[in-house]
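So, here's a batch of structures to check.
Okay, so chain A shows up in both of these, paired with chain B first and chain C after.
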Partner chain A sequence: MKIAELKPGGQPQQGRLVRFSLYFVIGLILIVLPIFLPMYLQGLMTKILVFAIFAMSLDLIWGYTGLSSMGHAAFFGVAGYTTAILIRHYGVVTFLETAPLSILMATLFAAVFGIISLRVSGLYFLMVTLALGQALFSIAWQWYHITGGAFGLTIPPLNLGIPGFTSTAISIYYFVFIFFIICYFLLRRIVNSPFGHVLQGIRENEPRMRALGYNTWLYKYIAFIIAGFFAGISGILFVHWNMLISPYQLGMIQSTYAALCVILGGPGTLVGPVIGAAVVIGLEYGASLYNPERWPLFLGIIFVISVMFLRGGVYPRLNNLWKKVGEKYSYGSTKG
Partner chain B sequence: MDLVVLSLLNGVSFGMVLFLLTIGLSITLGLMGIINLSHGALFMVAGFAGWMLVVQLGYSYWLALLVGAIIAGLIGLAIEQGFLSRLYGLTNDQVLLTIGFIYILMNLSLWIWGGRARMPYHDPLLAGTFSIAGWQYPVYRIFIIGAGLILILAIWWLLERTRIGAIIRAGMDDIETAKALGKNMGRINYLVFFLGSFLAGLAGVIGAQMMGPRIGMGWDILLLALIVLVVGGMGSIQGALIGAMVIGLVDSFGRALLPDLAMFFMYIVMIIVLMVKPSGILPRESGG
Partner chain C sequence: MEALRVEGLTKEFGGIRALNNISFTVKNGERLAIIGPNGAGKTTLFNLLNGQYKATAGRIYFLGREITDMPTRSRTYLGQGRSFQVTSLFSNLTVLCNVLLAIQGTGPPRFQLFRSISAYKHLYTKAQELLEAVALWSKRNELAQSLSYGEQRRLEITLSLALEPKLLLLDEPSTGLTPAESSDIVNMIANLVRDITVIVVAHDMDLVFGMAERIMVLHYGEIIADGTPAEIQTHSRVKEIYMGIEEDTRSAGAI
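The block that comes next holds the complex of A and B.
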């Protein structure tokens, strides 16, 4: 209160103006810019948003709860496979029918995997989630008359079940964008809720939370299931964008992508993983133009750089920079 | 009967390779609290280095064994000294860093040796089959079992009967007290990390006799090592040995009885162990 009184009256408004102009620019980039982009860049932006949802879902458990899962792709892939299997084997074609079932499957898998993996914690948890995800990879690989084996399953273009909707690169983009916005605000609500605060308490000091009377296991378990739910959403969006799902979407490599997005962007921030997804998918695209065969090498180097030099992620740094710029701006304005 | 004995021998020999692979991971984890997920990639690199020496350049298998293990040991040491040593206590960062090194080592190997899976190779001395009581069994598998037994004894001797081993065990039980007693744990850490990676390399060249090196091993073998750790329990020779033998035998009997489902048995074993005894069959009991 006192600080606010000391500050000249005009300043908060100006700060707000700067902030709103930033949101305006971001909104412009996300909403208007894609119309003017060529189709492949529209596709790239779609992929970034899909991975952003996936990375945010991992952030809920990795960044906010302190559960480092290396098998998060399991739920992404299960949802994608459920959609593809429903379309290919059961003749269920519209999104309105496939999506709820697919997300339900992802959530159910999360409920089962959570029971198994939350028996242990820390490094053990990481190993077990990794192994469970890889078990699904093996199933998808072997059960080829259902899953298409190594080649995976292709699906026809997105059918929303709404007359007048045609699947084009730009319509898919906006479709995914709407989901991205909804998921972002839902996850924001969750992490800012009392439930989210308990999760952060568990991350900081689980024994203390337990001593305070919280059933920390249950909180972690619910967080794990919610994360599976959101990973499922990103999985179905992915399969509709890619029109192909293969075992790799279930396995370790896909999980490490999400983990990289989270740590590169800034764990426990939600915005950070979105930035991380943009950087990782953007760089992957750049590498695919230049030398796709060397991409894993660069990917490895990005991991090393993120861990050694960018601890805490990009987003907190940007945020600090942003605050400094804001301060400079407001000092200048008070002087003038 | 034939099938049972054969599967038993196959399982034990595979288990030996898994043990050599896992023991380094287990001890570095127990002693230093450091996890190196690129351990499986070291196994793969050594397998390829050995392949290059034996098949391409025509050197002896025994030289390849030594060179592969030393290369793996040096790469492991470089990763520890250059990077991991700055991340003590930061498990998540260690995990992500070493995942980065999996990508780097796999892609460099792809660059150097190409993407083709290579045939298994061994010394001409080990090429034939061994026949006893009417059964035929490949000599190299017998060699793997023998070499594994000798190395288990050597590791046991090193850890339980030498001064260095006593310091290592003290470090695993209580690193602060070991430091306070004036032990230079830094130097011990070099040694243990080098030895752990060296053994992964040795396992890579020994294992290349039954599974030819291929790039994807960087991930696949890591997965096996992690399952062995989870099943056996971390930080003890006995745990790693039991985990490796269980997974080796489950795998070989699975392959013999239900080949299509073989790869799922080890996951099922892992889940059962987690449900019944989450700390693994034989975890290290003392210490924190």
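The block that comes next holds the complex of A and C.
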């Protein structure tokens, strides 16, 4: 029995070679292209990768597990603030010292928020996560001698603690790129594991999962914590890229932003949120050239359009197209 | 040995008493059918046995252990497998994935995070066995929602069999099936290993008399008859309920 033809995910099975070469080409573009771009576009690409990690982390609970969280930015912001506070108030300067603590804080917050919010489900879950996120927002807003209040905290350029590393737009880009690759493959492993399949089962039919012997609460809780961990990673990358963290990174707008990337790109896929992040940030950049104040209006319009006309997101459509092209140009294709 | 013992089981929904002080025992390996008119409390009884509902009063023992307040998943661990009256599948996952979830539900790799599920060959071997038995192996890569209704019913039952249960609870397994498909299900139950206890709730009398060694009749939340199929066929109260309803409708039609 060939295991290769028994993939349970329901995704089209291209040949290994095709898949590998696709990765290779995309990887090459992501590595080589920024060298030839002006600095602000290097920054834009960095931002896309940061938000791609953030959106993928949200998708683990939103798209795979079916938990619509509107407070996911809490973990993004907590990690960012932890880094900024450590640097500004405690004189801890190198990344190797601040990063583990910041990610740990984000994970701990996820562990606590998970216990509170997973007591309810559906719309109530959405409301509780939203409320928890907004609570952190107002704490960051008012506790100004620690958090800098509405102005937030600025931090100096990234200090890796490695001699010879200087923080430039391109070096930050590659730095984030490495994290992006690691996060993508880790998350891919997780969603294709037995655990990842359980999450999808819970999304599809939770009562049945219970009848099959699963402790569904525990799975949801673990997924929530893992998502918080990865959101934390994106949060520290964000603060080093932006060199400023403000209460907005904790709040509702930031959470909606990630949700939009997921919904637009394709919930329940990992490539989807990455595409979503690229599209949303690209559009934001385009809009900001003309009318930066109206950006939230555009954001709302995109949201409505993607919910009404792009159910399932962009990525599954691209994937189908790709499959059709593959069928057309491959002779003697083997059908499982 | 007893597979199941129910003592004074009562379930109320608000003011309505769906089950009223029910007691019975089921022997190991017995094939029991529960019949009764709509609203008699049959599915409610299943939901109490499998833990979807909490009992208002009474106790349930499964294989000698009290399970009255146990969550569903623990009952599954002890060896209960249940199929649902309304087909309850993972619609957007493939047929194979549906079965894999059912198999690993009580198995060790379910918390494994960093290994691909395709590395667990024994899960696949077992899934193949189960799906071949119900002639669904060729459809393994299709989404569960794209199956025909009859196929979905078969998959539904396969999910509960994948748990390797000691007690199988089948709720209306043949609803909406053609007579041929329904007799497939009778055969399937007949071919089960004898140490599996089977309780079926059904309206389909061909199914009931095809598989049951014992029949229990529920009416307005009470057991009004309990015996062999031959005894039930001649039971006066049962006749009255089933025939009475028929007579009413007949006379109503005549006027």
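One rule holds for everything that comes next: the second predicted complex is superposed on the first by the 307 of 336 C-alpha atoms of A that agree within 3 Å, B and C clash if a C-alpha of one lies under 4 Å from a C-alpha of the other, contacts with A are read in each partner's own complex, and residues count from 1 in each chain.
By our rule, a contact is a pair of C-beta atoms (placed from the backbone, for glycine too) under 8 Å apart; a residue touches a chain by one contact, two chains touch by 3 or more.
What you are looking at is a predicted structure, and each value in this text was computed from that prediction instead of being measured.
Once chain A of one complex is fitted onto chain A of the other, the partner contacts of A:I116 are limited to chain B, with no touch recorded for chain C. Of the two partner chains placed around the shared chain by superposition, neither chain B nor chain C is touched by A:L160.
Using the contact criterion defined above for the overlaid structures, shared-chain residue A:R210 touches chain C, although it does not reach chain B. By the document's definition of touching, neither partner reaches A:L283: not chain B, not chain C.
Shared-chain residue A:L132: touches chain B; no touch with chain C.
By the touch criterion defined above, A:G201 lies against chain C but remains apart from chain B after alignment on the C-alpha atoms of chain A. When the two complexes are overlaid on their common chain A, residue A:S68 makes contact with chain B while staying clear of chain C.
The contact surfaces that chain B and chain C form on chain A in the two complexes do not overlap at any residue. Taken together, the chain A residues at the contact with chain C in this complex read 1, 3-4, 6-10, 186, 189-190, 192-198, 200-201, 204-205, 207-216, 336. Looking at the complex, you find that chain B touches chain A at residues 29, 35, 83, 86-87, 91-93, 95-97, 99-108, 110-111, 219, 223, 226-227, 229-230, 234, 260, 263-264, 267, 270-271, 274-275, 278-279.
On the side of chain C, the complex with chain A involves touching residues 50, 52, 71-73, 76-77, 82, 84, 88-94, 96-97, 100-102, 104-106, 109-118, 120-121, 124-125, 128, 140-141, 143, 159, 163. Residue ranges on chain A touching chain B, taken from their complex, read 68, 70, 116-117, 119-120, 122-124, 126-128, 130-132, 134-135, 138-139, 142, 252-253, 256, 259-260, 263, 293-294, 296-297, 299-304, 306-308, 311.
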